[in-house]
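Chain nomenclature is as follows: A, B, C and D, assigned in order of appearance, with residue numbering initiated at 1 for each chain independently.
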Amino acid sequence: MGADIAAIVQKNARFTAKGQVASYIPELAKQDPSLLGLCLMHTDGRTQCFGDFDKKFTMQSVVKVAVFLSALLDNSLPSLFRKINISPTADGFNSIVSLETKSDKKPLNPFINSGAIVSLSMVAGGTPQDKFERVLGLLQRITGNPTLEVNEAVYRSERATGDRNRALAYYMKSTGILECPVEPLLDAYFRLCSVEADCRDIASLACFLARNGVTAAGETLAGRDTCRLVKAVMSTCGMYDGSGDFAALVGIPAKSGVGGGILGVVPGRCGVGVLGPALDEHGNSLAGVMLLHDLSEAFDWSIY
Amino acid sequence: MGADIAAIVQKNARFTAKGQVASYIPELAKQDPSLLGLCLMHTDGRTQCFGDFDKKFTMQSVVKVAVFLSALLDNSLPSLFRKINISPTADGFNSIVSLETKSDKKPLNPFINSGAIVSLSMVAGGTPQDKFERVLGLLQRITGNPTLEVNEAVYRSERATGDRNRALAYYMKSTGILECPVEPLLDAYFRLCSVEADCRDIASLACFLARNGVTAAGETLAGRDTCRLVKAVMSTCGMYDGSGDFAALVGIPAKSGVGGGILGVVPGRCGVGVLGPALDEHGNSLAGVMLLHDLSEAFDWSIY
Amino acid sequence: MGADIAAIVQKNARFTAKGQVASYIPELAKQDPSLLGLCLMHTDGRTQCFGDFDKKFTMQSVVKVAVFLSALLDNSLPSLFRKINISPTADGFNSIVSLETKSDKKPLNPFINSGAIVSLSMVAGGTPQDKFERVLGLLQRITGNPTLEVNEAVYRSERATGDRNRALAYYMKSTGILECPVEPLLDAYFRLCSVEADCRDIASLACFLARNGVTAAGETLAGRDTCRLVKAVMSTCGMYDGSGDFAALVGIPAKSGVGGGILGVVPGRCGVGVLGPALDEHGNSLAGVMLLHDLSEAFDWSIY
Amino acid sequence: MGADIAAIVQKNARFTAKGQVASYIPELAKQDPSLLGLCLMHTDGRTQCFGDFDKKFTMQSVVKVAVFLSALLDNSLPSLFRKINISPTADGFNSIVSLETKSDKKPLNPFINSGAIVSLSMVAGGTPQDKFERVLGLLQRITGNPTLEVNEAVYRSERATGDRNRALAYYMKSTGILECPVEPLLDAYFRLCSVEADCRDIASLACFLARNGVTAAGETLAGRDTCRLVKAVMSTCGMYDGSGDFAALVGIPAKSGVGGGILGVVPGRCGVGVLGPALDEHGNSLAGVMLLHDLSEAFDWSIY
């Protein structure tokens, strides 16, 4: 079976040439578009790695999974949902329109930028620095990797070019959705987006969700219902405005990032970490989506 | 277990008083808001019925499942997706905004009104009457109920008050998305929305999807991938702008209608038909959603 | 002075090659793009004609001035403004978005298509045919030209391709803004858009507004305040989404049509009729706007 | 005639009770809603003052006239219009939607907040402080009042509650429309909005525009075409989303501010300064608009 998977990875490597690395953050533009890596971490403990699985990349929007999970752990559902919805949308990930046009002024869901920023504001901690440490600490415990850290160059690049996120945050500040100071919160947000991981780290986090809250070390860090809620939101909102296509094509809860990462969960079976920095028009790893499609076909992953 | 389910239905009956029957179609306003019915049709052949399971109601948007299924069976995916997307949306089911603002002019998905009208236009048949018969015939074969028929009073009421759908259809006609004459097509659409069924019929259609295309009589009428695609779109788009909440709360592919019906699929396990005409603010059966939530909890239905 | 004007017309004729005739109505696509005509009708009775002043063209949106004037004459302001606003907009002339997003569901102003259709519905007359005759009759009296008539070929072309207007009308029907049957009303609307005139007819109507409601024959057909209201709305909304630029560049109340006509009013001084079927990106006669700019400069027309 | 005007002011004083002072900036909420003041400065040199004409108030959006004028004086039209449009809009003064939905990303016009911020960025000056001084200096020269200064308490209140403006500015920064650092520019903007004036100062600025660029002292500070452009944009965009109604009702170029001021221009005849802090639903002085309506009627001010 490992041989089959290696062949599937190999076959999809050609799609790396069809996409483009993110360019709006200068540091991301330096990524190697030809990379394709895969890690499968099975709930029975087996781990399989392929291609560029050990190349590091910044989590970017994949970290929204950990941010939302932290917000769920640190708040009651009613208090969290006073600030954020969990509605899928065909708008882009950094769209500001709905913050003005929707009567409740709440971000549509925690996996678009506005929603992730609000989620982070709801994470436990007196200061944004505390919130940052809360999420990073949770990530380290879940993955069992205490070396997860911020890529300082990418962080500085994000911060320097983060004006669209500032617009989102100040807008939400003006409507009272965001209650803490904007710049320190965005600083924590940019640092979390810049946390560097490899496919194994992503697969660890995914496997934790596949096991409904239990780490590889056997530690229970979240409840079943919490993990299911995260996976439900991933299924409807995780792949930007390509979420509907991905559900139809691949059929598993997933979250992508513009660093080229995709976190996929096959509930009860395995966690998946993919790296492929060349992106499609939705901002998802182009070869990564194709690879997941073939794996879903081959191993009957679809949850539908 | 049947006793447990009866108790769950009984417990949720009180929520029928919290919703309101659809009022924009005069005939629907006459429905009894206190009804609550349930049918479970298991893939092993068992059927369980509760409450007002044998009351007839018009399928309304639940029929969009059969329309989309027909369109999938009658077209290649590329030709179908030239006319329609499968993107979730936070817009209302009858919103016209995205038809103007999205550059491709395509309906966002087949489960909002604009998308269902386009889907119907893609169903095989030289005339709208042929398309109507194609979908109704498929419904009759899938459910094994050749007596499924249009409620003429509701149909006339729909047609008389269908100006918003006319606006959607003429808009799509003006952009070339819709290629056939508007009024006859809408006539077929209104008649399909007015097809009368009970909870067993809905559960039959749902069980067919749970079995990935095989009827109770053992007949294969659709392929596995086709059924999965339908269920994926149901999961992300099936409950109007409440789809995200429903995924988080209940966690199964489902499609609701303003007649009070909900079709739910527990893949590989069972099909669910619910009737509860009193609706919530999204247009979904209020007590029906609460009932499905409790059943999902009790029997671990969530696919996530 | 006549010689000067002739030179200005001549100078601007070259701009006819920069625009394009309207193509979305097949009959309009047959127009000669190289035409440029001008008629000035002064309030002191003098008339000056230049270029292709005697070529006939269909009034298209220029007729909205007569429709709105009729609606003003036949209704109290409060009852008219229950159905329509007079707000400028940067949306396109056939946009449907604001009908859904604005809470009052009213058309933004009488010079976009939705607003003109509603205005026509408010004109006196038991049937759409009566309303058509009311507006055409008023036009004939104002211009003193009883031969003004519908171009049947253009009318049929409009009706055959009027699906976008049908979408607007059915949408407004569904929200209760439009109270009469859609198709007969649109039929009257399409016929009014297809009324054929030449630059003298347009200048006559404009001169009537410049004289605040008095015809060349000395007949008073509208009050000063009514005419000023029409001119105010022309100034803010008359040139589609180019209205702001036109106010800055030319500075007179005006209304254009996709048939290439422009009606301009120099209050107290003269009425202007222009023909130039080659349009700019806003849908206004390209050479016509340039010509009016030069005339405004030369004769100090700006009202600001 | 002075007696007549006093009576008209007196008659409209009762409308001050129908509006509400701006509340979103705490310092503005302290204003006395019952004030009503008027100053007419005629182009022949006469000045007439009534009611609370000598009460000071902050200019707020009235200052946008001076900002736009400065930008026009300091840039060629093509370079200015690369950054900003002059399109009327039915959107609110602080709307962000069009910055995302319009393909050119430019603010719709210089009299909504986004457009005023961009205009200020185009004013001559190496630093925002320089730009501030350029506009304030121009205001002082035009009005002949060197004591015009910032109300520090209002300025601090604006800055403290200016998150919506920060959202607009950062959005435009992210799209490249705004090229200078956001916070210092907004600081200059908030200070300009907080410049304190009375009705005479506003009337002076208005009279300067009525005289097409000549001050009361006979100094020419702007050209005729520049002043006309400012007045054209005031006519189509000056009264927020009430601009269309104001054109129809009053018929003169005007610009209002949420401090209760209105600047009105009767071209060639007089400049008008009004104070009335109780606002209508558009954000315009309620009694001020009614007063201007009556004055326009009485003295035949309408430009249409």
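We take it that a residue touches a chain if its C-beta (ideal position, glycine included) is under 8 Å from a C-beta of that chain, and two chains touch if they have at least 3 such contacts.
Quick caveat, the model's predicted, so the values are computed rather than measured.
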Of all other chains, the one whose Cα centre sits farthest from chain B: D
Message: Counting only Cα atoms for the centres, state how far chain A is from chain B in Å.
response: 32
Statement: dist(centroid_CA(chain A), centroid_CA(chain C)) in Å evaluates to 54
- request: Could you tell me which residues belong to chain B and also touch two or more other chains?
  value: 101
- prompt: Think of each chain as a node with edges to the chains it touches; is that a line, ring, star, complete or other?
  reply: ring
Query: Residues of chain B touching chain C in their complex?
result: 95-97, 99-101, 163-164, 166-168, 170-171, 173-174, 182
- request: Mind listing the chain A positions that touch chain B in their complex?
  value: 85-91, 98, 102, 108-109, 228-229, 231-233, 235-237, 241, 243-245, 247-248, 251, 253, 267, 302-304
